[in-house]
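In the two complexes that follow, chain A is the common piece, with chain B as its partner first and chain C second.
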Partner chain A sequence: MSLSTSVEMKGREAWITLAGELDAAVAGEFRQAIEQVAEQKPEKLVLFVSGLQFMASAGLRVLVFAKQQMGREVSIYVVGASGPVLNTLQMSGFDQSVYLQESYP
Partner chain B sequence: MDTRIDFYPTHQHGSYKLRPGRAFPFGSTLVPGGVNFSISSGHATACTLVLFEKGAPEPFVEIPFPDAFRIGNVWCMVVFDLDYERIEYGYRMDGPWDPGAGHRFDRSKILLDPYAKAISGRTQWGKHPDWNDIYPQRARLVFEDFDWEDDRPLETPLADLVIYELHTRSFTAHPSADVKHPGTYAGIAAKIPYLKELGVNCVELMPIFEFDEFENSRANPLTGEMMFNYWGYSTVGFFAPKAGFAATGPFGMEVDELKNLIKELHRNGIEVMLDVVFNHTAEGNENGPTLSFRGIDNQTFYMLTPEGYYYNFSGCGNTLNCNSPVVRNMVLDSLRYWAAEYHIDGFRFDLASILGRAPSGAPLPNPPLLESLAFDPVLAKCKLIAEAWDAGGLYQVGSFPAYGRWAEWNGKYRDDIRRFLKGDDGMVPVMAERIQGSPDLYGWNERGPTASINFITCHDGFTLYDLFAYNDKHNEANGEQNRDGGNDNHSWNCGVEGETDDAQVNALRQRMIRNALAILLVSHGVPMLLMGDELGRSQRGNNNTYCHDNELNWLDWTLRERNGDLFHFTRKMIALRHAHPLLRTGEFFGTRRSPADIIWHGTQAWKADWSADSRALAFMLRERQAGQGGNATPVLYMAINSFWDALPFELPELPADYHWHLFANTSLPAPDDIQEPGQEIPLQENLQSFLVGGRAVVILIGRPRPQA
Partner chain C sequence: MARHSIPANLAALATVRQLVTQACREAGLDDAASYRLILAVDEIATNIITHGYQEQGSSGDIAIAIEAGEQYLSVVLEDTGIAYDPRAQGMPTAEDLDKPLSDREIGGLGVFLALQGVDRFDYQHHDKVNRNTLAVKLPQAKR
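Moving on to the complex of A and B:
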């Protein structure tokens, strides 16, 4: 199963919905989506990940990249993370750099 | 950097674009548009980079380094447009096969980069690897983008540390640990509240450099159970964390998981010390596998006999050639990397005396590696602790080259405290030295009591419970007919070998354990506890559990309930240490800079009995008061009775407004054996002497009387 990515600007918020498996092979797609929305200078980045089954190191690296690209003042929300994706975020400590939420807004 | 136009390919190999690389840093480094690969060998004639798709049986390309890409003995190359998330890399080295001259080049082998920062192949603990893999433990690329926020090493003064030695897997692998990810870095993070409650402020992790748990693995001849290289004192890569200790290892995220653990420990005021093994590698002797060093530059990396065989000062087949300038730099680079990139607070060096041997094996008077480490700017605030002996007969406790920096695992402390506790003759004078931080060993050469890492137990040898439950080692489960493991345990079974229902024996054991903990946590120097000793953990008399991935090593967390009294005794002893600066001044008592002095007593006040058949010792710590003509305030009195029967200890008289309070008395049953610091119980007025039970210790605190 591959990754599906959809990007949407909601005012000053960038919404990205991810579904499938975020591994090294497809992390580039995610990264492109981040770069695309970064140009819009959003105030918030909201990632909907309830359809994501798995996230490898490469996916995490893109989140780190997003944080760096957009700066500390942009808050990142990760919405609907569960199972292995939630574990990955927690064990790597990234859960402290983002807002983990079950639903949004 | 991404958009610089001057960093462009100049060469091509098939469809792969290349340019000459940078010699430094060694290893693989992400650079704009590509990866810089750099590796050195003093004797290879050519080098080839071998690239794999993650997990693929065969490489997808092999790129020989063009001649123009070699600077000195370093091959360096940038390869552009690599999918760095998905590749694994290794090297082939051309050179002579001439074991007599020390050279063992073999082009058929794919070799691990000695500077690999992540290594695949053992990413899930205990999972059987593919034994036919042509490159079983592969180098991977690592991002250094972890968000540390404001974290950095804590720089807690050495004198203030209470060290807790633990094995990452053993700490939470037992089902009773009840953590989401048993036996991992994440598991330790889940137990931080426990460590905080206990009060330790430093964890010393047994080896977490990548090792191969399957090295020398075999079936137990008695049970058929698999036996591993469990402890991990056999390094595969000096820059890579053990991936099998990470819950996220299979996803390639062990680096993040370990960094997150360190950040969380720091956030809770707990330092992280690594037990590092630079004395040998996992390649064994001439019969061992060729993984890395042997095939890259055997003669440089290993100490060899004139005939080209491996010196074995480590007892593990080979000896890393630590004072060859090339290896010395690698060791330094590794430690700098762990200090800078992982925020490690200190290092304990396994068999550190090997680091002071010349390439010929002879001990050096002024070993360049030890000096380099002591004066390195990156390591300037790191604790450096030596296991000051090796398996080749060098024993340097008290004489390890220190350069004002190095502390030592004080093996004499361990042995002397054990012998005194079990009642050996003639131990009182030496006990006085050990309690003071061993000035007989460290009172010269500008060293202080913090040169002494005090411990009674460590991973090697009996646990504290077993120390008083077994006279002899019981290592049958190791499959070597009980021949392995040390015989000089200085242990005493209190009357029955092993487990017993005898209530008196069990009560005596509990008392002996408490006596040991009380002495350890009051002694000057830096105390170190072994994981689980605060809970009465047993290894069933096994004093060398290096190979067991089972209950012999795993901490059984149900002990927290069953031995809660012992946990609280330990917790309160640690709290006492934290509460009283005089217990951790970092200066020897009575010396010019010391804020404290120590007065020795015996069963008679002011008069210690130093004779050979004496088994009683007491002392009083006093705080010196500046400008008061040598007046000093008594703060703590400790009486230690190692005689089998109770003895009255005459108490030293206190200044008129002071009063003794009972903090601990190990002859009382819990919970009366110890109080919370600050809530000690006042002794009755005019008490002239205190009856200390047989094989018991008493600690009193001197405090001003409450105002009437």
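Moving on to the complex of A and C:
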């Protein structure tokens, strides 16, 4: 199963929905989605990931890229992460820098 | 023991995960332990493909052997890319993991996740072959 990525601007918020498997082979698609929304200068980045079954460190690197690309004042929300994906985010300390939520808003 | 050979390119990672998923199911591993092993193998295979082969401008294969022993489900990855012990790269410290994303180095997390996720890890280099062994305990071994 590969990755599906959809992008939507909701006012000043950039919404990206990811589903499938996020590995090093397809992380570039996620990165492109970040680059696309970064141009709109969003105030918030909201990632809906309830359909994400697998995330490797390549996905974490795109989150780091997103923060560095958009600036530290842009808040990142990760919504609906499944157990293992949530565990990876927490083990890597990303829970200190992104908001992990079950639902949004 | 099941043996497979996959081309060392990133598109083959999904196949690697499928092979390990199947073996986890057959061995009766629970979802959490299965995911830890699948993630670990994915991360190490990613490193072999990118650092071991692609960055050297070379190509090749990764041999995968999966074995359910008495205590562990083991996955052995063998490649002939550049010699590289994943443990040689320093692990992120607690301080690194506490850093805000805006101050983070990109990279270094894959091996960390892999080594944290398995119960046993070994690397050997012999006759120009890298051998990475990743293993998780089987349920009956925990009793």
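In the analysis below, the second predicted complex is superposed on the first by the 105 of 105 C-alpha atoms of A that agree within 3 Å, B and C clash if a C-alpha of one lies under 4 Å from a C-alpha of the other, contacts with A are read in each partner's own complex, and residues count from 1 in each chain.
Just so we're on the same page, contacts are C-beta pairs under 8 Å (C-beta built on N, C-alpha and C of every residue); 3 or more make two chains touch, one makes a residue touch a chain.
The structure displayed is predicted, hence computed values, not measured ones.
With the two structures aligned on chain A, chain B clashes with chain C. Applying the stated contact rule after C-alpha superposition, one finds that A:Gln68 touches each of chain B and chain C. When chain A is checked against chain B and against chain C, the one touching more of its residues turns out to be C. Of the two partner chains, neither chain B nor chain C is touched by A:Met9. When the two structures are aligned on the shared chain, A:Gly93 is found in touch with chain B and with chain C. In the superposition on chain A, contact is made by A:Gly83 with chain C only, not with chain B. Legend: residue contacts after superposition of the two complexes on their common chain; A:Leu60 is shown touching both chain B and chain C. Here chain B runs into chain C after the superposition, and of 235-243, 433-441, 541-549 or 667-675 the stretch doing so is 235-243. Chain A uses residues 24-25, 56-58, 60-61, 64-65, 67-68, 88, 91-94, 97 to touch chain B in one structure and chain C in the other. Residue ranges on chain A touching chain B, taken from their complex, read 24-25, 27, 55-58, 60-61, 64-65, 67-68, 87-88, 90-94, 97. Contact residues on chain A toward chain C in their complex (touch as defined above): 1-2, 21, 23-25, 54, 56-58, 60-61, 63-68, 71-72, 76, 83-84, 88, 91-94, 96-98. By the touch criterion stated above, chain B contacts chain A in their complex at residues 54, 83, 85-86, 143, 145-147, 180-181, 185-186, 246-248, 251-253, 256-257, 259-260, 263-264.
Here chain C touches chain A in the complex through residues 10-11, 13-14, 17, 31-32, 35, 38-39, 42-43, 46, 49-50, 96-102, 104, 106-107, 109-110, 112-113, 116, going by the rule given at the top.
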